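One structure, pasted below without further comment.
Chain IDs A, B, C and D follow the sequence of writing; residue 1 opens each chain.
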Amino acid sequence: MASTAAAGIELLKLGKADETGLPLGDLPGLVPYTGMTFGGWDLYAEDLLAAAKHHKVLDRDQIDDAEEALAKIKPWPAMGDASFCSGVDGEHRHGDLSHREKIDCLIEDLVRFREESGGSAVLINLASVERTPDRQNPIYHIKEAFEAALDASDPEISPAMLYAYAAIKCGVPYGNFTPSFSGDVPALIAMAEEAGVPLAGKDGKTGQTFMKTVLAPAFRDRALRIDGWYSTNILGNRDGEALNEPNSLASKIETKGDVLNSIVGYDVGSHLVQINYYKPRGDEKEAWDNIDVSGFLGRPMQIKLNFLCRDSVLAAPLVIEIARCLDLAKRRGEGGILEPLGVFFKAPMTQPGQTVQHAFPEQQAALQTWLAGETMQQSYDAARAAAE
Amino acid sequence: MASTAAAGIELLKLGKADETGLPLGDLPGLVPYTGMTFGGWDLYAEDLLAAAKHHKVLDRDQIDDAEEALAKIKPWPAMGDASFCSGVDGEHRHGDLSHREKIDCLIEDLVRFREESGGSAVLINLASVERTPDRQNPIYHIKEAFEAALDASDPEISPAMLYAYAAIKCGVPYGNFTPSFSGDVPALIAMAEEAGVPLAGKDGKTGQTFMKTVLAPAFRDRALRIDGWYSTNILGNRDGEALNEPNSLASKIETKGDVLNSIVGYDVGSHLVQINYYKPRGDEKEAWDNIDVSGFLGRPMQIKLNFLCRDSVLAAPLVIEIARCLDLAKRRGEGGILEPLGVFFKAPMTQPGQTVQHAFPEQQAALQTWLAGETMQQSYDAARAAAE
Amino acid sequence: MASTAAAGIELLKLGKADETGLPLGDLPGLVPYTGMTFGGWDLYAEDLLAAAKHHKVLDRDQIDDAEEALAKIKPWPAMGDASFCSGVDGEHRHGDLSHREKIDCLIEDLVRFREESGGSAVLINLASVERTPDRQNPIYHIKEAFEAALDASDPEISPAMLYAYAAIKCGVPYGNFTPSFSGDVPALIAMAEEAGVPLAGKDGKTGQTFMKTVLAPAFRDRALRIDGWYSTNILGNRDGEALNEPNSLASKIETKGDVLNSIVGYDVGSHLVQINYYKPRGDEKEAWDNIDVSGFLGRPMQIKLNFLCRDSVLAAPLVIEIARCLDLAKRRGEGGILEPLGVFFKAPMTQPGQTVQHAFPEQQAALQTWLAGETMQQSYDAARAAAE
Amino acid sequence: MASTAAAGIELLKLGKADETGLPLGDLPGLVPYTGMTFGGWDLYAEDLLAAAKHHKVLDRDQIDDAEEALAKIKPWPAMGDASFCSGVDGEHRHGDLSHREKIDCLIEDLVRFREESGGSAVLINLASVERTPDRQNPIYHIKEAFEAALDASDPEISPAMLYAYAAIKCGVPYGNFTPSFSGDVPALIAMAEEAGVPLAGKDGKTGQTFMKTVLAPAFRDRALRIDGWYSTNILGNRDGEALNEPNSLASKIETKGDVLNSIVGYDVGSHLVQINYYKPRGDEKEAWDNIDVSGFLGRPMQIKLNFLCRDSVLAAPLVIEIARCLDLAKRRGEGGILEPLGVFFKAPMTQPGQTVQHAFPEQQAALQTWLAGETMQQSYDAARAAAE
């Protein structure tokens, strides 16, 4: 996905791609697409050209066009931890460092990149999904406990949390496109609020969940009762392969979980979600949904949805837009959880105690209001009101 | 559909049905479902019990429960004209009358029914679709010309227009659930405005078009370019059979036509819509849509939607809600085109010169605003603003 | 399924049903449908009328018609064993008996029923699926060891095996419509051969596997290479619920396993089969298959199949035809595994050392040859030859 | 399709493609794939390299590999007639010639090509579909009348018939992959029989009809009654565009027509077939079928089939196999209609008075029997017997 996003921007700069798939276009306030540059860490050292060739998202003509630019983007050595993500175990990493040393490396990379890029930067987590940590652990809840855990190189601090912490510390807005916990723990949220650093997440809303949050509000609005919703996916890319790891799969499915009940306002007893690694598809993905609804007089009806999509093609433009919005928020002086970006996520980060808004139309309206210039709180209130 | 709506309300009164499928529920201001009674005209004399048995929408237990109430509802003799709707040619009609005499009959029926029902009534056109008239004909554009055409029993005045005229004349709000022109001509709109009679139409938005106006805005919001949309339907009820009449089919497809272009804001070259009479399904209907979209970097994706639905089950509750809203508008003193009801129609009636709002989420928001008590003009402005 | 089969035959006798769904019709040699009567064991005492009402396969009119006949069919007390099938634990059973005592009871029931039915009978296993036994256990391989295990009331002898043994012992042909092992163990096969008792099994081929064995041979014949086949099912009946038992699910999926590889003659790496309990459907079932194939020049294509079916409606007529064929075989003097019935089963019983024929067209041709009067061995040779 | 077939064989010669999609492989008796060469006429002068680039069936790597070979294959000037096929009107043709002069040109081309290719050749019609002629016209029925019509340059003799006549005259086996009448008229069949020239046709059976003739026999074999079958296609290639010509569409649909009734043996009242030109797909095609069946006790079920295919990829290998089989027949001394090739065609040519075999499994069995070496008549008898 990272290589697709970078390649797309390079092709845009060369005039070889248009804005199809990029929702926000040239809205005033946002940095132009052609003003963006890419850098990042990876556990494998291959440059973005090699990555793009191997993922087969770009066609041969596009690879030819973007070749030069992509070959120049080489990942920086990363921070990994096999206990959080065993499937991905590259060697492009720093040696045996303490948590604090790792954070120093990350901050160094970030600050250097920000300078090279003209003074502003955004960090988006696009790494492989990590296992779910024990959320009751106090180190995630209290800032001081988190800091102490860092001092002690506590193994329950995941790599994604180190990246998030580094970003917050040097004032770089942080977005989490993965289902990993990273920035989405109370301790880090509190730090971001205090530091005035915008946060957004988590888990990019692309294929089936996107469609689910489009359709479910419409059934709700027509009072068609959802009796069951069976969702299954087949996909064959590296992200899919990671799902053969039961722990990763659990994180992935969890963020899809209560979307439906939350939109319709009752418990849809029979809601099944399956993700299957299925090799023939490569990066292409297919989702199949069967929805059973009851209408007037209890009459049953069925809706079936079949989405032949490409994960990276749907995801990369969202990553780009999240980055542009985080950058805008920073310039506007807004810090902490950036709720109006909820439309981009499967599990939108939300102020504690608030119910999460999953319905796509309401989320989209909230984003537009925010983009139109209102402060976060106003747009948030408007979204809430519309949802009732 | 009429028999389904009436049966549903009777079952609700008996406590044998719940509000599934009825979107508005017990919102303050609206008349309660159990406060509704039904009457109407038909070219065939069979009572609603016979109609319900023959349509097979209700199951045997429901027929048993509603039997007594339905058997009592017998249609009044209707006004038909084979030159406008040749497929339906029942004998339950008044003899050879002039247009003015027909109108007198209709007004007599309406006034009597309104009195029996406690002082308020609403008329909804649920008759078979009529052929499209020559819309350039001045009799449809100028009130005086329309009146003169009535005096002359001009054959270009369709039965549906006579019903609409009668309603306006006696102050009964008028809704048009069919694709026929009826109230949707400038002369009648002007009369309704002057008389302060609420008007709504046209063509109930139930199956495939409903889904289209739910999905297309989401593709728009994600900048997925629609390269083609192929929609086909198979249905086997009397309405489907009427489609074997090329003229009726034309009217029916026309109202589905520019929905898509209007939502996405560009010309989707390849937009095909087909409706096929297919006997095995009876009142059950099936829609299949294939949508080709391009995403980031021009990559093609496909979405396929298969909707196994029941026309009358989706339509009847909308008819009931349109009636309740028209009644509310009348009590609120709002006359003329009731734009906030656009969410219920495939071809929403809109003030001349205004572009039509087809996107379901925006329509739904406009309805909710209106229901929340704002005047029509305010909600209309809000919908417009939201759409931009 | 048992209640559906019995109800269907009763309705045929009454002239209220026709032969739709019954493949063999009035082929010479087979007993006529109206000459069949039903009896059997169940762990629950409810009569077939109660069962039919609760399964909702018949409509209200059909229940009314068959009511009297079905109410008369009351199951005999059964033999169950919670260690083989924990999900189903009815109380309609004989008390604490040894294996030999149980067999005596079963033989008594069978012999009585055969006499009441005019001298001939067939036993078909329609019970809930049992867990897979340890197939290496010698008691299943050597007749003498099996007999000794019976003497010792060995807990590794399952109820289904007791029923099969009882049938063989009293010369009643035995069919196994379930995935349970029952008659499909070498010891019982040898006994049936010696006793000249026809055997058939196992696991009725109804929905998705039926379609798979129809389509795969066609892809093979057109040299379309199958790169992947993803099969998923949703169903909500008691059989589906049993699948929440992991052991039962394993037995069920196992018999679906190598069907595909065996037909196409190579290893289809990506063959996934899923069965999900999904409540909204009741006895109705839905299968969705996605098939990825490569054609000329390696070009990929996709076939998707969506089967909205009813398990019992597809299965009951097969049960009836298996019974008629077993009866014919008995009269023809054919004993042991009746291979030409393979078309009816997901895991056709086949002579040891022979490869199993799964392709539907070849199976159907073998059945027709056999029905046309050839002996089993000839038809078997013809099927083999055709398959090469 | 011609360019795909030629490119495939060239890639096979280069070792850059395998036999996927080619059903007959290296069966003894058939000429090896690598022993084939291509030549032919077209109304447009572009060489096969240009054609292949424009059709986008091959990927860029394959084009690179086959480039040299394809650039060498340049079509010969063709015989066209806008009154038979108005959509295709290229200028690469001989000037104003009489029918007899045209035939001389064609024979000259054929004889020259046969000599260059080592003594044997086969002609397959792969031209755009022609309109249906008036089949009652006696010139098509009596050899002498046909010859006289040629002498008179009768405008009712279509180009496809001229090609077929030329082939028969110089002893070149003739296959018709299109729905056009060409060799499929009694006068030409009689000439082929007398001259001992093998004939095969018509209309290649690739996508939806292939699947229909695979599924319908299975429903028949399970006595599932087909209540309705709705078939629709969307495709965007030149062949699809030609369908915007109502006459060509009629020819195309006609050959699909009675396939179904003929297989199941009763009249499926509701059988609809639609072909739609839908631009976004290019050479890719999509078929969607909905099948309504009734099973035991009249219970309705539905099967939906969605085939995402590539016309040329499915068709080209059949063209290759038809050519190899016609060549084998010629060497075996078999002339006239080659019935065992019926499996390759939507409208298999059949001896007058015989019913046509459409069921795929029976056709496939007949082909295999014939290939195994039996004479045509024996294999024909076997197929008939199997079908009863």
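Definition applied: a residue touches a chain if its C-beta (ideal position, glycine included) is under 8 Å from a C-beta of that chain, and two chains touch if they have at least 3 such contacts.
A quick note: this is a predicted structure, and the numbers were derived from the prediction, not measured.
Participant: Which chains lie in contact with each of chain B and chain C?
Facilitator: A, D
Participant: Going by the touch criterion at the top, tell me which pair is linked by more C-beta contacts: B-D or C-D.
Facilitator: Looking at B-D and C-D side by side, C-D shows more C-beta contacts.
Participant: Per the centroid of Cα atoms for each chain, what is the distance between chain C and chain D, given in Å?
Facilitator: 43
Participant: How many Å are there between the centre of chain B and the centre of chain D, using C-alpha atoms for each centre?
Facilitator: About 49 Å separates the centre of chain B from that of chain D.
Participant: Give me the residue numbers in chain D that touch at least two other chains, ranges are fine.
Facilitator: In chain D, the residues touching two or more other chains are 304, 306.
Participant: For a test of understanding, state which residues of chain C touch chain D in their complex under the given definition.
Facilitator: Against chain D, the touching part of chain C is residues 4, 7-8, 11, 17-23, 25, 57-58, 62, 210-211, 214-215, 217-218, 221-225, 294-299, 301-310, 313-314, 316-317, 360-361, 364-365, 368, 386.
Participant: Residue numbers of chain C touching chain A in their complex, please.
Facilitator: 227-228, 230, 232, 234, 269-270, 272, 274, 276, 278-281, 286, 288, 290, 292, 300, 304, 306
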